[in-house]
Each structure stands twice: as structure tokens, then as C-alpha cells.
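As C-alpha cells, here come the structures.
The following pair of complexes shares a single chain, subunit A, combined with subunit B in the former and subunit C in the latter.
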Partner chain A sequence: MVKEIERAGIPVVHICTVVPISLTVGANRIVPAIAIPHPLGNPAVSKEDEKELRREIVLKAIKALETEVDGQTVFDK
Partner chain B sequence: MRLELGNIFIKDLQFGEATKVENGVLYVNKKELLEAVGGDHRLVSIEVDIAKPGEETRIMPVKDVIEPRVKVEGPGGIFPGFISKVDVVGSGKTHVLKGAAVVTAGKIVGFQEGIIDMSGTGADYTPFSKTNNLVLVCTPTEHLQQHEHEQAVRMVGLKAAAYIGEAGRNVNPDEVKIYETLPILEGIKKYPDLPKVAYVYMLQTQGLLHDTYVYGVDAKRIVPTLIYPTEVMDGAILSGNCVSACDKNPTYNHLNNPIIEDLYERHGKDYNFVGVIITNENVTLADKERSSNWTAKLAEFLGLDAVIISEEGFGNPDTDLMMNCKKISAKGIKTVLVTDEYAGRDGASQSLADADKTADAVVTAGNANEVIQLPSMKKVIGYLDPADTIAGGFDGSLRPDGSIMAELQVITGATSEIGFNKLSATEY
Partner chain C sequence: MIKVVHYINQFYGGIGGEEKADVKPEVREGVVGPGMALKAALGKDAEIVATIICGDSYFNENLEEATAEILQMIKKYEPNLFIAGPAFNAGRYGVACGSICKAVKDNLGIPVVSGMYVENPGVDMFRKDLHIASTANAATGMRQAIPAMSKLGLKLAKGEGIGSPAEEGYIPRGVRKNVFREERGSKRAVNMLVAKLKGEAFVTEYAMPDFDRVAPNKPVLDMKNAKIALVTSGGIVPKHNPDRIESSSASKYGKYDIEGVMDLTEETYETAHGGYDPVYANLDADRVLPVDVLREFEKEGVIGKLHRYFYTTVGNGTSVANAKKFASTFAKELVQDGVQAVILTST
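Here is the complex of A and B:
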């Protein structure tokens, strides 16, 4: 899906847990997620902390979308 | 560590007055068995049935298959950490009721439990159509949570296998096999000229009903470590895995791991089989990185020349497999991978979710997406209705006449990634 949407000229950020798979399939902007059963959340932390965590991931993804990349880039900072 | 496995060949299974083995026939006293396995308030009933090779019987949904064994000499008992105390197993003498199996079935726990057909097309795809199966159909209390349900049924299966295994304690085995692994330094001294080979044994540990236990420990909580191969033969590793019927390792397969047996077969002739590294398949990238770093570190530490790596399950564990391969290869150690494929119904799609150029020696156990037709059976032990919802099934899989059309992944043990079946795939 990532590749097909990009082929249509629209940049994509792939938020995913298993970054190596995303690299293998050819995503260009990759944002690491939390875990496979809960990519965008963490049931182990409080609701407040989880909201903060989700916000961070979304903001990182938006930032990645704005960033010019030269080849596959993992936004893991 | 040296283990003597005494195989007692079981040619038939019947209910009887006493639980015993006589002339290759295993008799089971149903009442005594139920007393041995019962008592869990989470289960409202346990029914016992028998399914033999060639019968027109379908068992589903299948949770686990377990081989009855009993420890007759040496420390510890079978299934340490669950049935027996946590002593170190794998030495002394163990008797095996070869040809018999305990199968746990009943109301579905999750969504990927399997089918065992005792005859017809389905029987060709599962190794458990060739065993005399004692089937326990467990019915949970209403609203029982899935993980509690899985645990209750798992314990019933293990208790049943241990109870039946006892019947072999005082029987003279028909065949005796000896397996021995020396402590590393002695082992290397003994065969200095043979290539040092180990087995990297990946255990499914994604949680949410994908669990494997080592001496009672949930393996998602371990870091990779070493285990003597004979410990596995006494049930040190067992399945709590309700997921991925075709390519999970039922407890039976752990006990009879063909990679371990074949490495022993060629030990001292072609290789020096040094031992087993167990590792897990967890759900965060950090866990995957840490565990694969650790397997590579252990492989280097042991001074290996080559490893065989087997996967359990599919999808994101393909990445664990590739990380293990890549990092061990980077140490200058040769790798062979054993996996299966999800290459689509026509076999044309990419087989694994991940790939790496160092994965240049790979054994496949078949394409789990292949569509198969299973004829209706005269007798069903368990329930047919999950056929549409288990992984590999789809709307309309179960037909009104009781026949099933589904992907191969519905069959228990069909694409075993430790090679406990005869299936493979080829390109033509």
C-alpha cells in the first residue's frame, strides 16, 4: 500500500513496529511503533502517559512527512 | 548429558479396566484418567474419545498434541515446571509410548486452532493421522477468559500425557536409542576435525495465546540461552500455543524435534553437534534486536562453524529468522534456515515477510496458503463450526454436507518448520 500510494506521487509515512520488514518492502519514511499487538499504544502505562506517547508518534510522523529524504529513512530519534 | 529413550510401540488404543500396555495395545481406564486430569473449576466437562488411523474421524479445533512419556531413571520427571518439579531433565532413562498421542480439543480458545483428519486428503497432511489418539474435549465455563481457557486445557493435556505415560514405566521397550551431548570443551576435544554445528531453536512467544514454556518459564521472558538437546526430549520445552495450526510446534513435536534427532544421527560422523541455543520471537523491535544479538553472540562464543535455525509461526517472526541469520552469518558462521511459506493461493507472492541476502540456504516446509478440500467425515470429535473462522478458513469453508474447503494452514502440523512432516514446496 505504501509503495502504491507513493507511486501516485503522494508521500507516505509508514508507522510500523518491525522496521526491517518496512525496509524490505521499500517504505521511504519509517516511524517505529510500540509493539505488534499495540502499535500505537501501550497498555502497560497510564492513560495520560499513553496519550502523550500517541501524540509523540503522530507528531513524529507529521514531521517525517515534511522532511525531504534521500532514500529509505528511519525516524527513530 | 546422556539419555536413553526406550520406545514402546503402540499399535492400538482401547478403553479398558486398567490403564496398561499389553502386547502393543494401550488400554486406558477412562474413570481413572478423568480423575487424574479433572478438578479444574474453569472447565465444566471433559469428555474422552479415541481416534485411530484410517477412521473416518475429524478432530477439531485441536489445541495441542502430546506424546505420553515417563521418566524411569535419572533426575526429574516429565514436563518439569508443570507436571514435575523443576529438576534438570534429559539424563537417565525415559520410556515413550510411540504411536500414541493425547490430543486436546473442544470449544475454540482463539482463532487459529487446527484440524486433524484420521483418513482422506486431510490425513495425508498431518502427522497425527498416523498416531492412536486419545482425545480430550474440554468445555470451559461461560465467560472464561481466553488465556485462562488455554491454560486449563493445556494442563489437562499435560496431566493426561503424564498419567498415560506411567503405563509404560515397567514395560520393556521395543527399541532403545541413546543420545549424548558432552560438556562443550570435552565435546570439542572428542571430534576436533569435524565442523562444530549447533541448532538455533526459535520459540513462538508473541503472547496473546502464542506462548511457549521452558521449564515452566514463559519464553518471552528469557534471553537466548543454551539447553542440552536431551532436555527437550523430556519435555523441558512445551507448547502453550493456540495459534497457527500448520506451523506451530505442538508439544509432541518439541519432544520429537527432527532437527535434533537428525543432528544426533550425524554427530561424530559428519558434524560435531555441540548443542542447542533457544531463543524467542517477541513483539517489540527492541526484543527482536536483543534476542538476535544474543543468539549471534552465543554462536560465536561456542566457536561454531555452522547453525541450523528453525522458525515457529509466520509473519513478523520472519524478521526474527532473518535477524538471526544475518547476525550469525556476519560472525562468519554458516546458516541454514527452516521455515514455511505464505506465498498466496497461487504460490506467486513473496513467501516470507522479510528477506536478507545472507539467507542463501533455506529449507521450506510447504505453502500454507494452498487451498485443499477435505471430505466430510462420519464422526466429528469437537466442533465443525469454527471452520469458517480459524486462520485458513473463510466464509463458506464449511459446506452443508460437512466437507471443508480451506487453506492448508488449518491442518495441525501440516507445514512444520522443524520438519515434523513430509511436505515441502518446489518451483516448476
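Here is the complex of A and C:
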């Protein structure tokens, strides 16, 4: 799906847990997530901390969309 | 006697389904689950001395540590052959089988075999590194998968030559081998062309690799005024899954209006995905589709606007052809709706 969206001319960021799969599939902007059943959450921490965690990941994704890339790039910083 | 170690996931190991996908690797002496059939297929020349079982999510979330742990477990048994799976079209399981096979081959120097459906992501990741028997996409193909894997494994362990992928039933590894043919190349090429013109079947001697890569688009320059859309393969749907998107091998996608929705709650949204433990997403679907946070960013002026609709499907054994078709359809709508960037989440 990432490739078809990219092909249509829209920049897309893939937030996913298993980065090697995303690389194989062909996503260009990749942001690693937390865990398979809760990529953007963590039930082990408080609601507030979980929200903060989610904000950080989505913000990273937004930054990735604002960044020029010339090939597959994993935004793990 | 060929000593074999077999790797399976928590499901085939009888530990449990998705709710147990986070179990750490463990080792059991002898055969477990599909190991029974494998033992029968291997016959008298080989013995499965141990079975390693690991949860699919645990493995994929901890690729390096899990590989190292499992490698240690395998080493102890000094096997002559390592067999993983079959994983059919289970993505995480396929990645696990491929990763461990490669690690075993590289570190212990013994032959390795797995079995997967050709669309399993583990195939593209590892086809060049190992022999992967080509299987059906679901466990109903177990009876064909096991003999194919066992035959390949025995041949490799005995140092016998392995024939072509078509003869031996494994997925092409991209290896080219020189062979003598009765007819010279020019004649064979013309024969193929004639067959093609007549509409007859023919087999190419060199299939063109499928390099389907799409170059990245330009970044968004004015995020504060950009319209961002959310897409997911994590199966988030309004409560009770109104369009009945299938829990695996999805044949459709959903498009849902989130105008005015500030937060996805237990009462309003859930996941239709059957390939991961749904507990966390059902309690709070923002954990997969971060609507709450994007609403905050909208308010704070980080982004211009969250697009009125999100698109969703279940990425669980869903064919590549279907996923491609879904996305090429809705991507046109996204373009028409003036969406400038997409955040796509996967579980």
C-alpha cells in the first residue's frame, strides 16, 4: 500500500514495528514503532506517558514527511 | 544419523494463539506439533533431537536478541540439519524462520531449510540465502509442505546436489548454473518465440527480476497548512466492523469518516485484524491509528488538517495483488481530495 500511495505522488511515512519487512516491501520513509499489537502505544505505562510516547512517534513521522530523502530511510533517532 | 533441530512458532508449538505471541524462545527435546509429520517424512536416516518454540511477536520485536538466544539453544545439540516452519503465509513466522535459518547457516555452517508461501515477506528477505520450499498459503497445505521440506533437507544434509527450483519445489534463489542442452540458444529462443506467437505455453530460461521500487516523493514544505491522511493495515474499524472486513486475507478496505472524532475509544472503534492480539487495540484504537494525537497536532498548528476520512484494511495474509488494488484505488481519492501526505501504520 505504501508503494501505491507513493506512486500516486503523495509522500508517505510507514510507522511499523518490523522494519525489515517495511524495507522489503519498499517503503521510503520508515519510522519504527513500539510493538506489534500496539505500535503506537504501551499498555504497561500510564495513560499520560503512553500519550506522550505516541506524540513522539507521530512527531517523528511528521518530521520524516518534511525531510528530503533519496532512498529508503529509517528515522530511528 | 542426521541430527535435526526444528523451529516452530507458539501456535504450532501448542502454547497458544495471538495472546501468546509474545512468549520467549524455549526448547523441547524431540518432536512437537508439525514435527511429528516431519519425523515421519525424514524417515530412518534422520532424527529430530529438539524443537525450538518462540512467539512470533517476541521474535519480530526482538530480532537480534531472539536470534542470538535461539542460536545458542540450537548449538547445544550439534545438529547436522536445521529445519524451520513451514510458515505458509504467516508474515512474522516467515521472518522468524528465515532469520534463524540464515543465522544458523552463517554461524554453525550446517544446511538449513524452511517452507513458505511465495508472498510471505520472509521469502523476499531470505530467498537468496536459503532453500525455501514453496508451500500453499495456509496450513491446509501441510501435507505437501512437509515432504518437500524434508526431501530438500535430507539432500542438503547428505551433500547431494540440488536440482532446479522447478524440479525440487523450492523458491528460486537467483542462482544461475551452466548446463549443456541438446539445442543451441538461438534455436531455443526461436522455438519459444514461435510457441508464443501460436499462443502455446513456454517456459523462459531467464525470468526478469521484478524490481518494483517507487522513488520517494518530495517532502512536505509547509506542514502547518498541510492536509494529512491516516491509512492503516492494522484493521481499525468502527465498532462491530460495519463492512465486515475479513480478519485475514482481506478482500476489501474501509473508508471511514472521522469528522469531529477526537479520540478513538473502546466504545466506538475496534480492530478487525486476526493476526495479532486484539486486546490493546480494542481498548484504545489510537494505539494503532493515532487520531487523538493528530487532533492535538491539528489544534497546536503542527499540521494543517487531518483528512476527513481514514482508509483501513487487514494486512493479515492479504494478497499483494489485493493490497495493491486497494491502495491504487484510494490513492486516487486522496489526490483528488488534496491530501499532501499520508501516515500509514502497520502492526
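Simple rule for what comes next: the second predicted complex is superposed on the first by the 77 of 77 C-alpha atoms of A that agree within 3 Å, B and C clash if a C-alpha of one lies under 4 Å from a C-alpha of the other, contacts with A are read in each partner's own complex, and residues count from 1 in each chain.
Everything that follows uses one rule, which is that a contact is a pair of C-beta atoms (placed from the backbone, for glycine too) under 8 Å apart; a residue touches a chain by one contact, two chains touch by 3 or more.
Source: prediction; values computed, not measured.
Asks: Mind telling me which of the two, subunit B or subunit C, contacts the most residues of subunit A?
Replies: Counted on subunit A, the partner with more touching residues turns out to be C.
Asks: Which of the two partners, first being subunit B and second being subunit C, lies in contact with A:I62: first, second, both, or neither?
Replies: It touches subunit C, and subunit B stays clear.
Asks: After the superposition on A, what does A:E48 contact: first (subunit B), second (subunit C), both or neither?
Replies: It touches nothing on subunit B or subunit C.
Asks: Once the shared chain is lined up, is A:E6 touching subunit B (first), subunit C (second), both, or neither of them?
Replies: In the superposition, A:E6 contacts subunit C only.
Asks: With the two complexes superposed on chain A, say which partner A:T17 touches: subunit B (first), subunit C (second), both, or neither.
Replies: Both partners.
Asks: Does the superposition put A:I36 against subunit B (first), subunit C (second), both, or neither?
Replies: It touches subunit B and subunit C both.
Asks: Shared contact residues on subunit A for subunit B and subunit C?
Replies: Of subunit A, residues 17-18, 20-21, 24, 35-37 contact subunit B in one complex and subunit C in the other.
Asks: How about subunit A: which of its residues touch subunit C in the complex?
Replies: So the residues of subunit A in touch with subunit C come to 1-18, 20-22, 24-29, 33, 35-41, 43, 50-51, 54-55, 57-59, 61-62, 65-71, 73.
Asks: Hey, which residues of subunit B end up touching subunit A in the complex?
Replies: Residue list for subunit B touching subunit A: 206-208, 283-285, 288, 316, 318-319, 322-323, 353-355.
Asks: Touching residues of subunit A toward subunit B in the complex: what are they?
Replies: Against subunit B, the touching part of subunit A is residues 17-21, 24, 32, 34-37.
Asks: How about subunit C: which of its residues touch subunit A in the complex?
Replies: Subunit C residues touching subunit A: 18, 21, 57, 60-61, 63, 91-92, 95, 121, 124-125, 212-221, 223, 228, 231, 233-234, 276-281, 283-284, 286-290, 292-294, 296-297, 302-303, 313, 315, 323-324, 326-328, 331-332, 334-335, 339-347.
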